[in-house]
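These are the structures in question, set out in turn.
Each of the next two complexes has chain A plus one more chain, namely chain B in the first and chain C in the second.
Moving on, here comes the complex of A and B:
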């Protein structure tokens, strides 16, 4: 019997999800012994046309990372969906939009302006911008169009499972691949990671008080932290209580707060609003002006609570960003 | 004869997306080949409003292959933003972990990305031109040594930086966590292993050159040669340095034309925009943008290993310096203009990084608990420059008085190389494709021209959505699509 076929593809992403797979180290040799990798642009020379030539459903599993912002990404993920029995959204960007999803705070034109018109190192006196179609010395050259907003993978195609994390932790990847190969998958739509908050696996959990009250939040560069004590109890914005575990609380191990890349636990629909309300309830003040003063110590609420999940949230984008032109 | 267009889509064994359009004339020779980068993500824009101290973690998401480079450039920009000098131990730990990163990242390219072209062969079947093909040639034992070395180094990076993919330890004025004294022994052991690994990698390359005389011919062939300016960071003795120093620029004859601190980058570097790609093209401002041409009149430059070795007067450590001398002897002296020699220069840098790692690992101060200076200044503006594996990387931030970003400007390594990469792909296509004859191996000869640079189109398109497939499409003289090439 031929081995199951697996494809790995990236969309609007950074390559960290690819590196996370390479970080399986010798484990990657077990993977290639068990499956045929039929598409993986970072490491193998198979092309789009090789995938096009496959029958529908011929690929057992596609692991797709990255958010979706361009016509090309949309076309590629639709093709991989057709060719695949299972699609897993791999990593924070495919799962929730990820850090590139913060671009939804701005319009597409804002983004283009920053790069091509407002950069102090880019004179561009002719106001050139990349064009979807352009004739260079008589040669027709095309580029994908960029959508007005960044989308999660499941806003574009049907997704069967999710592997969270920025990037996904190696042990989570191993277990998820094992579950696929052994056919021991949970209910469709599941996130393939423990459904328990991060604090559960944090080495500092014993120092986390039953009840935490905070009168002002600290920024990590302006205060020395106690390396043994719960960061939240010290007043740092550690998102451990509202974030799914599975990474080993590595950021806290590095003496920095959790920023929430693993996303919410199963019952939470919107990570950002959940985090926002959880932190609002920590504020000790009762009078309105004192509450406002305490809240103002959170330097960037949007970027803090929606850092990896803006496209997946109920907000999806900033109010002034119109979605005309998007499919 | 019919005329055609070939499209390579996506280009492979690199970080990020891209496609190559090869346009043939009536004779079936290449009229022009374009490397296009089809994405952009917008980091400079959505940085606005974010607290500056979050930038090392946000900008590392520009690239998950070289997150340490962005994290470190950003952290250096924060030192400058808050006008704070980290304690000596913090600077040493930063350079130590940066050296570890350079070893493992250069190893990734040598064995996984670019290496297959040399080890397995440029025109080997495509199913074999990858790390698994490399293992087939060098043997599983050696393969496991390579995999094991990277794992050992990346585990150390996790220990020091919290996470290896998307580090968390950089703060203005220092780092979040000191190295516990009990780990120093392991770091020294790993560093000794890394030095041996560097020597071993050089031997792999030397054996290949000895066994395959064609290889040196490829490397020094005109199809992969461009005479351009070069830029890289040097220490006070003009030796290669990755973490700190001045930027030095030499002309196509090797003569120094600029030596400046990174904070003066705007006086020396500018970026050009083309309508057919999302990537921007850096050039030397004082020479100017003269289009896609090489030579002393054109401001196009190269960065990354070959360029760094061209601008420096040598390597600061003994084994690397010896390898440097041998390399220059073999390729005919400086400046080296052979794009494919970049892979050789990369191994020399790998050795330097390993030797530097060992020096720092043995420094008693590396485990000092004093690794933070808490900033007190009101932030206004900061610039941080570092040598990423793929070349000079610049982060420049302006903030309000609370330290929220009002403006960010990023010039990444692959942008500094992008114009020369465009030249290289065009010239390699012209050299490889004659009379309309194209096959999978020939197309890989075109891809090798960009792959030698180890480009990162994820980095290069931090500004908008990030995709890099490579397609070869052939058009007739009326620009009709005759064939979109697929490698069977």
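Moving on, here comes the complex of A and C:
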């Protein structure tokens, strides 16, 4: 019997997810022994035409990382969907939009302005911007078009399972691949990670007090933190209580608060507003002005709480109206 | 989804009102039994405490077609559960900053303390908020593409439907 075929593809991502696959280290040999990798642009020299030549459903599993924000990515993931029996959204960007998804707070033109015109290290006196089509010396050149809105993978194609994390932890990848190979998969649409908050596996768990009251939130680059005590109890925005476990709390191990890359547990639909709810209720003040003062110590609530999940949120993106005036 | 008014009609704001069981909902009852009339734009949902109001509910209401969300709770110090309303106060303060980043006017979310005896305040607040939202105009979220959120069913093209569900090995 021939080995199951696996494809790996990247969209709008940083390459960290590819790195995570390599981080399987010698475990990758087990993977290679068990499956045929038929497409992996970052590591192997297969072409789009090779995938096009395959029959529909011929690929057993496609692991797709990165958010979707261009016509090329859209075309590729539609093709992989057709050719694959199973599609797994791999990593925070494919799962929830990820860091690239923060572009949804701006317009496409804002993004282009910032990258091509306003960045101080980009000399661009001719005000060049990427064109979808360009003709020079009788040759017609084309580029994919950039979207106004960054999307998650399941907003573009049907996704069977999700592997969370930025990047996904090695043990989670191993378990997920094992489940696929043994056909022991849970219900379609599941996130292939434990449905329990991070605090459960945090080594500082014992130092988390029964009740936490915060009058001013601290930022990790501006305050010294005790390497033993619960970061939340110290006033840092550690998103552990609202984030899925599975990573082994490695950030907290490194004395940095959890930023929520694993996404919410299964019962939460809008991660950011749920996280906001949890942290707002920790504020100790009762009077309006003192609450405002405490809340103001969270420099960027939207970027903090929706760091990895803006495109997957209920509102997906900022409107294009400029909001002025008081609250 | 609510019914959308036809284009040529006057804009009627759709307000979702979350009223706490012990104070504001009772006040709305009082306004009713006292036959006070007020604008019909608020759809009231009773919750046990304003502190039960998950901010997800507010965003879900806006996503599904509400032009504004009104939250009514007990006055500070009067919460039936001691401090539920303080939690709401803190959450709404932070949520308004996030709404601004999303391009939603913070005036579309309003928190009011209305005691069980203040039927007239229910009348006044609903009338006032309706007119304020009328001035702001509809929340045009429907002009954005509404895509699946986390845990919702993904979009499926017809030609893909056959490949999906092919199952595991």
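To be clear about the criterion, the second predicted complex is superposed on the first by the 317 of 327 C-alpha atoms of A that agree within 3 Å, B and C clash if a C-alpha of one lies under 4 Å from a C-alpha of the other, contacts with A are read in each partner's own complex, and residues count from 1 in each chain.
As a working rule, a contact is a pair of C-beta atoms (placed from the backbone, for glycine too) under 8 Å apart; a residue touches a chain by one contact, two chains touch by 3 or more.
Nothing here was measured: the structure is a model prediction, and the numbers come from that model.
The superposition on chain A brings chain B alongside chain C with room for both. In the superposition on chain A, contact is made by A:312 with chain C only, not with chain B.
Of the two partner chains, both chain B and chain C are touched by A:302. One of chain B and chain C touches more residues of chain A, and that partner is B. Contact with chain C, but none with chain B, is seen for A:266 once the two complexes are overlaid on the shared chain.
In the superposed three-chain arrangement, the CA centre of chain A forms the vertex of an angle with the CA centres of chain B and chain C, and that angle is 150 degrees when rounded to a multiple of 10.
Legend: residue contacts after superposition of the two complexes on their common chain; A:291 is shown touching chain C, with no touch to chain B. In the superposed model, A:74 makes contact with neither chain B nor chain C. Superposition on the common chain places the nearest Cα atoms of chain B and chain C 10 Å from each other. Put simply, chain A uses residues 105, 302 to touch chain B in one complex and chain C in the other. Residues of chain A touching chain B in their complex: 10-20, 22-23, 25-26, 28-29, 32, 41-50, 52-53, 66, 69-70, 72-73, 98-100, 102-103, 105-106, 110-116, 118-124, 128-131, 134, 136-141, 143-144, 146, 150, 166-167, 219-224, 227, 250-251, 253-256, 259, 299-300, 302-303, 307. Those residues of chain A lying in contact with chain C across their complex are 4, 56-57, 60, 78, 81-86, 96, 105, 149, 151-152, 154-160, 180-181, 183, 185, 189, 263-264, 266, 268-274, 276-277, 279-281, 283, 285-286, 288, 291-292, 294-295, 298, 301-302, 305-306, 309, 311-323, 325-327. For chain B in complex with chain A, the residues that touch the partner chain are 8-17, 21, 23, 31-32, 34, 36, 38-42, 44-46, 48-51, 53-54, 57-58, 61-65, 67, 78, 82, 108, 112-113, 126-127, 129-132, 144, 147-148, 150-151, 154, 158, 161-169, 171-173, 176-177, 265-266, 269-278, 280, 282, 372, 374-375, 396, 402-404, 407, 409, 411, 444, 456, 458, 463-467, 469, 471, 475, 479, 484, 486-487.
On the side of chain C, the complex with chain A involves touching residues 54-56, 58-60, 62-63, 76, 83, 86-87, 89-91, 93-98, 100-107, 140-141, 144-157, 159-164, 166-169.
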